[in-house]
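Pasting the structures in now, so scroll down.
Across the two complexes that follow, chain A remains constant while its partner is chain B and subsequently chain C.
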Partner chain A sequence: MSVSMMSGRAGRSRRRSGPASPARRGQAVKGWLYVSPTAVFVAVLFVVPLLLVVRMSLSRWPLLTGDQGFNAPDNYTKVLDNRFFADSVVFTVKYTVLATVLLIALGLGLALLVQESSRWKGLLRASFLIPSALGLASASLLFYVLYSPIAGPAADLMANFGWTFLGSPNAALFSTVFLIVWRFAGFYMLLMLVGLQGIPSELYEAARIDGASRWQTFRRITLPLLRPTLALTTIMCVTGSLLAFEQFYILTKGGPDNSTITVVQLIYIMAFQGQNDLGVAAALSVIALIALVVINAVQLRAFHNPDEK
Partner chain B sequence: MKIFHRRGGLRAAMTLGLSAAVLALAACGGGGNGTPGAAVSVAAEGTDDGSELTLWTRAPLEKQAKLLVEAYNKSHKNQVSLTVVPNDDYVAKVGAAAGSGGLPDLFAADIVYVPNWVRQGLFRDISANIDGLSFKDSINKGHLGAGTVDGKEHVLPFVLDLSMLFWNKALFKEAGLDPEKAPATLEEYADAAKKIQALGRKDVYGTATGLNCGGCLVFTWFPSIWAAGGQVMNSEGTQATFTSEQSTKVLDTWRDLWRSGAVLPSSKDETGATWTAGFTEGKVGLMFYPATLLSSTPFDAGVAGIPGPGGGASTFVGGDGIGISKDSKKAAQAWNFLNWMMSEEAQVEVLAKNNDVVSREDLANNTYAAKDPRLVTINEVAGKGQTPVATNFQQAYNAANSPWLSLVRDYVLGDGGKLQSNNEQITSVLSQ
Partner chain C sequence: MSTHVPTPAGAQVATEPDAGPSAHPLPGAARPAPPRRRPVRRAPTTRVAGLVLRTPYWIFTGSLAVIFLFPLVWTAVSSVSPQAGTNQTDGWGVGNYRTLADYQAGIWQYLANSAFVSLTTVVLTLAISLLGGYAFARFSFPGRNILFLTTLAILMVPYATMLIPLYVLLNELNLQNSLIGVALVLTMFQLPFSTFMMRISFEAIPRELDEAALVDGCSSWAALWRVLLPAVKPGLITVGLFAFLTAWNDFMAPLILINDSDKLTLPLAVSNLRGQVQGVVDYGATEAGVVVLALPCIVLFLLLQRHYVRGFMSGAFKG
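Our next item is the complex of A and B:
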């Protein structure tokens, strides 16, 4: 998009100024000028840190003493030997599947619910969306107190049942998933709503005239035309869940009994809690990055519509 | 982003280092020592010339640190500005600052991390000045030893925190126990906890601990093992010995206590943020508790050393050590603070006056301690206590996912079948 915009403007200026060849060079320079703010941004905030992480992952780099020189591939073997590596991958995938299925289904359901015009529409939309205005860390702290067996409102109830929200591995996982669904369902509802509103109403009208049932309309019109939106939300949700950190850092700290350690949390633990080794943490970051790129590529391919060019 | 920070920091450090070197050459004998990381040897009193010093500490010691800094600032031209960092973020903050050459002039460290941090070169060698102190032999040996590498001392005790057996005298009386007599053995301790639990009062429990808090468990359970004559590690701190007879007896007692229901139920998931709250609120009969909280315990509590199975008494000499950082450009001024901190004035009139433990044995029987016999008890037990030394202490014990935590949780809450393999796991972390 930015390219077509640029050539348009350059074209206008060419008509005003004289000869062609210096103008074309000027055009190229101008093009680079237009790109440069973004390019500098990308270079400084993305390429340089990325290269640094790669270098870190290939070097002995303890937190307290800094770079101690090249040692590849020690950091990578240390990551694979870490006693939490396999568990954290399995847990992260489990959490991602749960969160994605719930969020996409709920987001779509809520969007269909509030799409129908009714006098409660405004109130419903607002109340689903309000949790999204809260930062994830603040939301986690809120639920930390709500779940607390000492200070929480359900403390007496928990004491009677001898059960706590974060006390067992499964309870901790589902309590955290509940927090995430509460926090993000409204946001995904909004994305789905935009997608739904992009479907021309004539199609629904035509379907009604043809006598299609509600389910048939949903199955044959809504879902196929929602494909780009579904692709976007799934990719966002999967990526976000694979990189989950704050909610577990605040709510469970990886517990109970190391059952809720996500990959990003393991990176944090390697870097700052005990091992204090930035090199190993960087190696795991690189592995996670490669895995994410592959997963996203597969998803894009899966959602690719063969009818589109 | 980090690379810029780091390079900028390096360049700044080099510029500063160079200018400091030039200054030191120009004003030879000024007492300052500008070369980063080198041994410090300055005038015995240090320099008090109105410099601005920075000091970092972690939140649990905020009260003591504030008292010391305020008293110093009032009586000196140098001014110390104190930064208090949340406990969980302290290692990350110090690590980032160490990597970029941005450590403050003075910083305190949990004494169990000191051996590692000294070895990594974060503290400067101050043995020449410590050797010059007339009372060197009465400085707490656990703390001084933790900061000693290759015979060079790097760290002085900042605040001593001892784990002691505290009991609620009112609850003891109610349960028909002698409120003036401490349980002499771990068995008596468990017995007392069960009797208080048997009162059946709502919200009153026999004892409490932090079963999901490695640091709390290290602090309160190691002394029981020591009191029975056992050890938790070999002297190099590279091998764990939790399969010993003394250690399994301690673990058995706690397993029995947990199963009998005499332990505050939230202890199971307690990660350390609120592990002392139950006792402070008067809901817990007796517990192994930090002595620094004596002054903020609002009711009549008894204090004794931590007993082991079969008797004895010991304590974990914890708290923080403090030293001059590798990045400080004001070593002479920083030493002035440390020198004052060890003086009788600071130890007695600041720490002892506020019910805190002094870090010099020769000052244990001071005027303030005489008024509260519990302080004399604490000061006496301090001499029998230990400070375990291991380079990988944090990863093996304190970290949220430490193998020590797995060992305790498996043994006390689970079936205990993995004691051997968990012990080996600790050893493998320690010996890395």
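Our next item is the complex of A and C:
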């Protein structure tokens, strides 16, 4: 997490030198008292489960009987042998690329559209943002009805053309991506607006005086200076999309023909549907966790500006 | 597992969104003592020419707004309009809401469950992050940075991959199949954002304020309640709003942690409602369920929009 911010804070906070005084010890005790609820929550509900998931992934651990002892690396080979594993990885990546490209482009486009403040633009901003107040599950349920060939607003049209929103693998993918774009575009617009706000207006003024075109200004000033924001939004979007669950669980239920099973859905299926094997589900969780850390590290490297040290 | 956006510009955006006069103010983004902004300078155009030139712009942006609002409006309208295969076949009325009210344990039970989980999460998140933010901002103690970074690392670990071990752990603690267990898990996932938010809220207050209180003989506890609490109220509202929206809407934690159907929260109940009647989906009741789910969120969002925006401005989403 933002080390840059951390160091900024640390620089501002008081640094006392010399041996530990009673006052300082009192500070430490009080600090720990105030922070102890945080510490308990983080330790019990975050650190312990993180260690537990690794242990579970190395043990035989059926849902009903619990820990049956060490069996590594059986769970991991079972994950790799799962008939949905490869397909779910491919599908999740495909979905992630599609959703990220669309959301970043649209988020930036909408932000540029409503950047200046006026009454109309304020209204636009609010209408783009309202869907992000909804939960992902509510939004998925909403589109479940909207896409329905029986009750949806396009039901008659669908009947005429013999086509449905969720009928074929590709249609289901694109329909789900549309739902996600609808739900999240305003959210990414807001993050982009924050980034745009950080660009000093002097730069735009200088560009105008130099006679730069709109495109040149965008290409040479906005995009490079928006780089940190673009990095942040891309990483958030990739992380969120790789972990997609609700939208597919509710909208497509993994169908048609098991074509829309994501990795997280597979974890759920392994743990609670059919196999009931928490060990294998934990192994896939660990794989997903490591993959995500690697992917985020690669993205940070890719977004790192070579001009800066 | 520390990731950060390694550019000075990134740090600037993250910590001081106000740095420099900005030409693109976000209205409603209220922060402690924002500096005066310079008015936006626009190229002069005559009114009439401007209006004609901007007609395509109005049409384009207007239709975009319609695309974003249509699904919500359509759902709200059709939940009360006649529809075959639902409880509301003739004329307008609340038949679909009656179906929803009578579903299994009844909508009131599910509403109560959701309200319990949401309020518990909000109260716990507020209390923990208020004290934690105070400690991180005002006290130096061993392990401070490690604990803060570990808290933020929760953001880096995917929610879904944590639920399998949490299921086992809560089982050990006798908190599985319990709404309190769900609230505890949701609170933990709120901690990175809210602790960060409260820390910067406390750090924005001048130290002289609480030091004066301490000199006057206040304990640090009294200084927190009497002097600092009013000053961090906007931060608390933002934290509470995000905690509520997350808890109210969460789907995965109750899906995995709750077994009894009368302990389900509203999103799950509405989701289950779809396929229950002989495999035939009651779309009308589903629409009604979506309206009940979405209404509190949209009302809260419209009322507290500037607190919502502040959540983003704070840089707490910077990872």
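To be clear about the criterion, the second predicted complex is superposed on the first by the 260 of 309 C-alpha atoms of A that agree within 3 Å, B and C clash if a C-alpha of one lies under 4 Å from a C-alpha of the other, contacts with A are read in each partner's own complex, and residues count from 1 in each chain.
Keep this in mind: a residue touches a chain if its C-beta (ideal position, glycine included) is under 8 Å from a C-beta of that chain, and two chains touch if they have at least 3 such contacts.
Computed from a predicted structure; not experimentally measured.
By the document's definition of touching, of the two partners only chain B reaches A:I269; chain C does not.
In the overlay built on the shared chain, the residue A:P256 is in contact with chain B alone; chain C does not reach it.
Residue contacts after overlaying the shared chain place A:K30 against chain C, while chain B stays out of touching range.
Judged by the touch definition given at the top, the superposed model places A:I209 against neither chain B nor chain C. Within the superposed three-chain model, A:A288 lies in touch with chain C and out of touch with chain B [touch as defined at top].
Once the two complexes are laid over each other on the shared chain, residue contacts for A:P131 go to chain C alone; chain B is not touched. Put simply, more of the residues of chain A are touched by C, taking chain B and chain C as the two choices.
Shared-chain residue A:A302: touches no atom of chain B or chain C.
Comparing the two complexes, residues 45, 48-49, 52, 66, 150, 271-272 of chain A contact chain B in one case and chain C in the other.
Those residues of chain A that touch chain C in the complex are listed here as 1-6, 8-10, 12-14, 16, 24, 27-35, 37-39, 41-42, 44-50, 52-53, 56, 61, 66, 110, 113, 115-117, 120, 122-124, 126-131, 133-138, 141-146, 148, 150-151, 153, 182, 185-186, 190-191, 193-198, 200-202, 204, 225, 227-229, 231-232, 235-236, 239, 242-243, 245-246, 249-250, 264, 267-268, 271-272, 278, 281-282, 285-286, 288-289, 292-293, 296-297, 300, 303-305, 308. For chain C in complex with chain A, the touching residues are 1-15, 17, 19-27, 38, 40, 61, 64-65, 67-69, 71-72, 74-75, 78, 83, 85, 127-129, 131-132, 134-136, 138-142, 144-145, 147-162, 164-169, 184-185, 187-188, 191-192, 195, 199, 203, 220, 245, 248-252, 255-256, 267-268, 270-271, 274, 281, 283-284, 286-287, 289-290, 293-294, 297-298, 300-302, 305, 308-309, 312-313, 315, 317-319. By the touch rule above, chain A contacts chain B in their complex via residues 45, 48-49, 52, 62-66, 83-84, 149-150, 159, 162, 164, 166-167, 253-258, 261, 269, 271-276.
Looking at the complex, you find that chain B touches chain A at residues 1-3, 6, 91-92, 94-96, 98-99, 116-117, 120-122, 212, 265-266, 268-269, 271, 274, 277, 392, 394-396, 398-402, 406, 409, 425.
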